[in-house]
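The following block contains the structure, expressed as structure tokens.
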Amino acid sequence: MEYIYASLLLHAGKKEITEEAVKNILTAAGIDVDEVRVKAVVAALKEVNIDEVLKNATAMPVAAAPAAA
Amino acid sequence: MSIVEERKIPRWKLDEVSELEEKLKNSSTIMIADIQGFPTDKLHEIRKKLRGIAEIKVTKNTLFTIAAKRAGIDLSKIEGYITGSNAFIFSNDNPFVISIFLSKFKLKRFPVPGDKADEEVVIPAGDTGMTAGPILSTFGKLKVQTKVQDGKVHVVKDTLIAKPGDPIPAEAAPILQKLGIMPVYVKLRLKAAYHQGLLIPVSELEINLDTYRSMINEAFRNSLFLGVEIAYPVPEVLKLTLSKAHMRALALAGEAGFLTPDTASAVLSRAVSKAYAVLSAISGKVDLGVEVPKQPEQ
Amino acid sequence: MEYIYASLLLHAGKKEITEEAVKNILTAAGIDVDEVRVKAVVAALKEVNIDEVLKNATAMPVAAAPAAA
Amino acid sequence: MEYIYASLLLHAGKKEITEEAVKNILTAAGIDVDEVRVKAVVAALKEVNIDEVLKNATAMPVAAAPAAA
Amino acid sequence: MEYIYASLLLHAGKKEITEEAVKNILTAAGIDVDEVRVKAVVAALKEVNIDEVLKNATAMPVAAAPAAA
Amino acid sequence: MEYIYASLLLHAGKKEITEEAVKNILTAAGIDVDEVRVKAVVAALKEVNIDEVLKNATAMPVAAAPAAA
Amino acid sequence: MEYIYASLLLHAGKKEITEEAVKNILTAAGIDVDEVRVKAVVAALKEVNIDEVLKNATAMPVAAAPAAA
């Protein structure tokens, strides 16, 4: 999930999600960067309305599951 | 301060100022706590618990102010808090760590008249060890059922006499004392922290860990939803994406009534659930001899 | 449930749900018609917003409910 | 959904689900019949144990529909 | 499900769901095409507001965390 | 989701999910293919037991789909 | 939420969540750092079992397979 965290960090800070920016963050965190994955995530996010997704994340009724013990 | 005046200052005061100055210089965090009415024995308890993390010292505001000035503390930031009776906490830890630490242990005390209960006050069943006598009428007032056995007061069953937030009946005090029940919390009232030139007021100093838990939860949920939406290519997330795609496919098949052997279950179920919904909407008026399935308890 | 299915069939086909129509369908299906029930169902459905009811027919029952843990 | 409701109607009336029967019902309901879809549904249902499916379906939570005002 | 997946693929790519398009996809996937089903799925989906269905379709398969008390 | 639908399509057709196959499907659907994403998704799917996932998916309650009007 | 995402990023990368590390990440993201908040977050997260919270957030609905599909 590192790439998602980095992207949402940028999103929360109202910064553009670019390959460069994601790589900078991961590097600053001391995490090895997988170029392919960065590319894939950044490209995929371009097609998504993040605010919309986050709205659903908080609003959506989730399946009640018996809590894992 | 003139030299003449300084000569008049007792030796212990000078020593104390030097000691304070030393502590101030060697501590990155200084916290001020209000100890007005704070029980001295509880302060000892705190001091013991803080050992190795922080030092707590009760001193006069004037002495502290002199020492702070000497230690190069920006007094303008803290002088507003140096009124009343204070304890000063010295530490090299993050001030929030100290604040959380202090909030974690509950110091309890016996109630005094006018106190509200911080936790349920229950008189437990059994032998109170109290000799039967006038105390029986106190139990009676508290509506605690008792019986006398071998001259001692026995409580018949566990009895709640105050819920959290309720005032504790004044007449209960001697009984609680005798039974060792301390339903009132004592908390060191932090006023502010001074940390590396920053002043942190108590409003920011108090940390609600549940808020942080729910923020993490939210951040993670957001990440997961986003990951699922973009088919983030790690197996754990893709599993959810596959599920989601599959559920969408089933829902679509069900709604469109596109029936193939592998969608049959979804399609028929959807149709049946709609039929039952209609049936239940008119079930008060029409008896078709069909039971509407009950929703199982969740 | 036959009466309900017949009514839903009419609804899905955007036809009015009348006693006549329901009877026609049941007859075409080779099912004996109970006049009283037809009357009752048709009358009751007149007071129901079927679209609304269908919209709220939740939980696509694809699967078994989570087993009680 | 018309094809599905017609099939369920036949099933509820313990009649065989045939193309002929489904068409008859739809026609009686005044609904235009799409031969291909009738074929598709009837063929698919031959491979399905409807009773089994319905048993599971009814084991599911069904939302109590809000009473229409 | 193949026909539905193919349709959803077209929908996700903002392409029209036509018999032609569905057939192309199935063929490209190396799957034998059943003309009847292609026709049936395309006809059935025409009657559905897909976006609406998808929006409501998926309770995320993530359980709500029991609010840390 | 296109990559996922394509993968599920292959799975449903009992075909192997390869980069090549996914690309063919997307191309047939007229959807532009992002090589990097295909690679990433196909690689990750290799570690997933799709049958298992789908079996579990249907064990989850699904939210209401709105009525087809 | 920036501070939380940064912390989760460190957690995911199995790095310790320190003031220094959080600040580095935020700075790399081009986000202004509030010293006091960094301190508060780092202190608070020391007391929170992040793995526990994450586990509960994703507690999957029961994997019990449907009785029969």
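Note that the chains are named A, B, C, D, E, F and G in the order they appear, and that numbering of residues resets to 1 at the start of each chain.
Just so we're on the same page, contacts are C-beta pairs under 8 Å (C-beta built on N, C-alpha and C of every residue); 3 or more make two chains touch, one makes a residue touch a chain.
Predicted, not measured: the structure shown is a model, and the values here were computed from it.
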Task: Would you kindly count the fewest steps from subunit B to subunit E, each step being a jump to a chain that touches the current one?
output: 1
Message: Which chain has its C-alpha centroid farthest away from the centroid of subunit D?
response: B
Query: Taking mean CA positions as centres, which chain lies farthest from subunit C?
result: B
Field: Intercentroid distance (Cα basis), subunit C paired with subunit B, Å
entry: 54
- request: For subunit C and subunit E, let me know how many angstrom lie between their CA-based centres, rounded off.
  value: 27
Message: So the centre of each chain is just the mean of its C-alpha atoms; given that, what is the distance between subunit C and subunit D in Å?
response: 11
Message: At least two partner chains per residue is the criterion; list those residues in subunit G.
response: 1, 5, 8, 53, 56-62, 64-67, 69
- line: Residue ranges of subunit B touching at least 2 other chains are 213, 217-225, 229, 231, 233-234, 243-247, 249-251, 254-257, 260, 262-263, 265, 269-278, 281, 296
Message: Help me check something: in the complex, which residues belonging to subunit F touch subunit E?
response: 1-2, 5-6, 8-10, 12-13, 15, 21, 24-31, 57, 60-66, 68-69
Message: Which stretch or stretches of subunit B touch subunit A in the complex?
response: 218-227, 229-234, 237, 298
Message: With touch defined as at the start, can you tell me which subunit F residues reach subunit B in the complex?
response: 1, 3-5, 7-8, 12, 37, 40-41, 43-45, 47-48, 50, 53-54, 56-58, 60, 62, 65-68
Query: Can you list the subunit B residues touching subunit C in their complex?
result: 250-251, 254, 265-266, 269-279, 281-282, 285-288, 290, 296
Residues of subunit B defined as touching subunit F within the complex: 229, 231, 233-235, 238-239, 241-247, 249-251, 254-257, 262, 265, 270, 274
